[in-house]
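Structures are listed in the sections that come next.
Two complexes come next, and they have one chain in common, subunit A, joined by subunit B in the first and subunit C in the second.
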Partner chain A sequence: MFKRIAKYALASLSVALVIGICQPAKADALADIKAKGKIVVGIDPTFSPFEFTDSAGKVIGYDPELMELAAKGLGLKVEYQVMAFSGIIPGLIAGAFDVTPTINVTAERAKKIDYVIPTALSVNAVLTLKETSVKSSGIADLSGKKCAVKQTTQPEQMMKALNDKLKAAGKPVVDLLGFETIEQTIAALADKRVDCVVDDKSVLFEAIDKRKDLPLALAGEIGDAQPIAWAANKSTPALTAALSAELKKLKVDGTVTALQKKYFGYTMALPETDFIPK
Partner chain B sequence: MVDLAILSQALPAIGTAAVVTVALTLAASLISLVVGALSAAVQLGGGPIGYALSRTYVSLMRGTPLFVQLLVVYYGLPPIGIRGQAFLAAALAIGLNSGAYTTEILRAAILAVPRGQLEAATTIGLTWGKIWRRIVLPQAFVTSLPMLTAEFTIVLKSTPLASVIAVTEMTYTGVLIQSRTYSASEVFLTIAVGYILIAQVLMRLSRSLERRTRRLRF
Partner chain C sequence: MDWSDIIPYLPDLARGFLKSIEIALLSAATALVTALLLTLASATGNAIVRAIVAAYTEIILGLPILVLLYVIYFVLPKFGVRFDETTAGVLTLTLYYSPYLAEAIRGAVAAVPVGQVEAARMIGLGELSILARIVVPQALALMIPSATGILIGLVKDTAILSVISVEEFAYVTKQVVSHTYAPFETWTLVAAVYWVTLALFETLMRGLERRLSRFRPKVEFH
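What follows is the complex of A and B.
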């Protein structure tokens, strides 16, 4: 009996430790950060062109460049803590670093972390060959066509949801072919095994850029845009506000637009209020 | 299809990360061996409290994911001051996790020493301490060597998980390079060879240790 109680006591102790992970960071984070002169950024730089590394291992990309400019505006240096993505949100909540870039804004996450104003919009788009039977990226024009998607990705889920709507309306669905990588979906399009590819717009832009040997064309966007933003710990609202203010300055002076052209090849209008989905 | 230019550019980074992987494997294995030996000893000879402590440790470590253990050791224990020392936290978490398995390996090996030997040793008047030092532990060590080696190769292959607490070891370095160059096969084949080489060194060391200690076998 005692042993059993001891076991449960230890088990609940370990649960308490896990919950202990969720304790807030320091009280006046912005003053602390300014005293140290650096902002610590947790990052998984495996998401080109948003965030990646150069051959010397330096963290680069759209968000790091913006982050360094915003930090400079606050008189701070950026220190990166590079880690796999599954450690990013736990680390942020535990206060292991001050901010992390390139997080999809969701209502669920917004309960646990605070968002700076968005730096990008994630929107899916439809890629076709230049000579194609696909008239537009509208779902009505895709009905009955064959489309390549990467398996178990958000674009695939979105297409399945759109297919449900087509089915309900009694129209032929989009025939979805699942692949592992973007290269495979492009190859299927080039071989005319499919009529189109649906993926994130920035990914498709990069594919067009990398495969100039193929007559690829963007038919247009599809589905709702999802904001992408930097996230900070709930206990540091002053830091979140300061970063939002710096980003607004960088938007006004055209830096954000210039960086979007540099990294994505296109620009996007970013919301500043009410960007967290309900 | 193998792009040698990408590979030669990636090799220095993979090499540096291999050092991290080897160091983490050695540190975690050492912790695993020390903790496992203590835990096995306490379980078999530490009375009911020792037994309960050791069994609880083993079931906690085997019953929770290494991922959670890493986060708990790194973020969950600020009084101990592990936070900010990712390598130490990773070595401790992986070592404590593996220690549970090492406990069981050593316990089985100790129990495998025939009872008759203990009775004979007692009959000729050897003390309890001498029986453990001269009869039980040397034989248990030899018996457990192959399984310990297997356990430490598993430790080697659990090191990539340390990347969630910012330890940039070999696999995550591969992910970083791959996401930049889009050349997954070159990078990950090289890394696979890296793991095979490290595991080979580990296994060869163990084999030679086994040969040297053969005379101790019962």
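What follows is the complex of A and C.
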């Protein structure tokens, strides 16, 4: 009896080891994806209006709609793999999926992942309660305050960079609390755990609109505007190029502009070259 | 694989690790005290007290720890009860693990042979003496294996506090991964640290168990 149990235990252990040792399969060519007929998209659909879910749980938004059109152009279906944002870039690098939308373009990230041409421009903003001690969205006025951000996102990293400047100037830093979703950062603000929330401006706009029950107010923008793009694994340049080509087509025929009006209410001119910051 | 990417972040990781240890020790202490109170409460004759303990145990056993954490951190403020991040985390771990520990204590006490207590009474030992010299020393040794397993669970679950921005080991690890983009190296290192820590803890508890049960005859299997 014990021998048998030991045998099963040993067998499951060795399976676990083999799975652990095997590198996740990387789609090494566009041809592989085309042969499967689907493109696997890693996504954290909690970033409205860029990417979110409808009441039925279906992934929708500006980027999913564009992604599905681009995939259709390549004769592919889209399969979503939903996960928290903190798992998205590590998952992409590990080859857990083919592409992910709505990634802020940064020089640091560009060393590890490839970007398709940008689909949007983003600027971060500061959200507070209507009655607040935060005088403006300027970093000097945020010094010493508590701010909620989403863990491992570009707004968090931007705030950390601004904190380094505050530190260098001998001023108190902004105390950053990192959460998993935008709702949680808003809840922290509503419960007065923090003085402000820093996130993408369009996301904060949407939050104000959705949470009319809360006395939310936009204090203003913070930091520079940044391109947002889809990202792919560095080992799949053919896929990245094909998606860029499809996006260009969708820009030429006016689809991108129409979708920007639909989801953001305004349009933006998007760069196609030299969009990665130095 | 490039391990050198992680080196600048080792102090951050160490700080996160120490925070996890701090939370684990604090929560283990409060959970053990709460478990003892639960055990004593359910041992009293009072039916209402026992019903309250039973209801509490049922509620906790039916909740995933993540849900309990979200309720304490995000829902309770709506009812005017607000805890800071670390307190909410320690409270969650305490509430969640104390019923399991109480069960381990109850089982260990019940495993002390009744005959010994009766014999002690016969030779005129007082009730406190019986507790201190006969029941507790044996029950302690008996509860260690199950309590160790439960406490290992508690230590591992400190990682979920990362979702309410407690800057413990897993939170810091996610931050480091977002800077280094070296998830493989970072999580491998972190997994090894968790594992070594818990293996060490288990070894210590085994030693303690051997020491506490050194007077017990060994049971041999044939």
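Everything below uses one rule, namely that the second predicted complex is superposed on the first by the 151 of 278 C-alpha atoms of A that agree within 3 Å, B and C clash if a C-alpha of one lies under 4 Å from a C-alpha of the other, contacts with A are read in each partner's own complex, and residues count from 1 in each chain.
We take it that a contact is a pair of C-beta atoms (placed from the backbone, for glycine too) under 8 Å apart; a residue touches a chain by one contact, two chains touch by 3 or more.
Keep in mind that what you see is a predicted model, and the values were worked out from it rather than measured.
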Requested in this report: With the two complexes superposed on chain A, say which partner A:Lys171 touches: subunit B (first), subunit C (second), both, or neither.
Outcome: neither
Query raised in the report: Does subunit B (first) or subunit C (second) touch A:Arg211, or do both, or does neither?
Result: neither
Query - Partner chain in contact with A:Ser55 - subunit B first, subunit C second, else both or neither - result: first
Requested in this report: Figure out whether A:Thr46 sits in contact with subunit B (first) or subunit C (second), or with both, or with neither.
Outcome: first
Report task. Would you sort A:Ala94 into first (subunit B), second (subunit C), both or neither based on which partner it touches? Result -> both
Requested in this report: Based on the superposed arrangement, let me know which partner A:Met83 touches: subunit B (first), subunit C (second), both, or neither?
Outcome: first
Query raised in the report: Who contacts more of subunit A, subunit B or subunit C?
Result: B
Report summary line: Note: overlapping subunit A surface for subunit B and subunit C spans 86, 90, 94
**Report entry** Residues of subunit A defined as touching subunit B within the complex
**Finding:** 2-3, 6-7, 10-11, 14, 17-18, 20-21, 23, 42, 45-48, 52-55, 57, 81-84, 86-87, 90-91, 94, 96, 183, 210
Query raised in the report: Within the complex, which stretch of subunit C touches subunit A?
Result: 74, 77, 82, 84-85, 162-165, 171, 174-175, 177-179, 181, 183-184
Report task. Could you pull out which subunit A residues touch subunit C in their complex? Result -> 86, 89-90, 93-94, 108-109, 111-113, 148, 151-152, 157, 177-180, 184, 187, 191, 193
Report task. Would you tell me which residues of subunit B are touching subunit A in their complex? Result -> 9-10, 13, 52, 55-56, 59-60, 64, 67-68, 71-72, 74-78, 83, 163-166, 168, 172, 175-180, 182
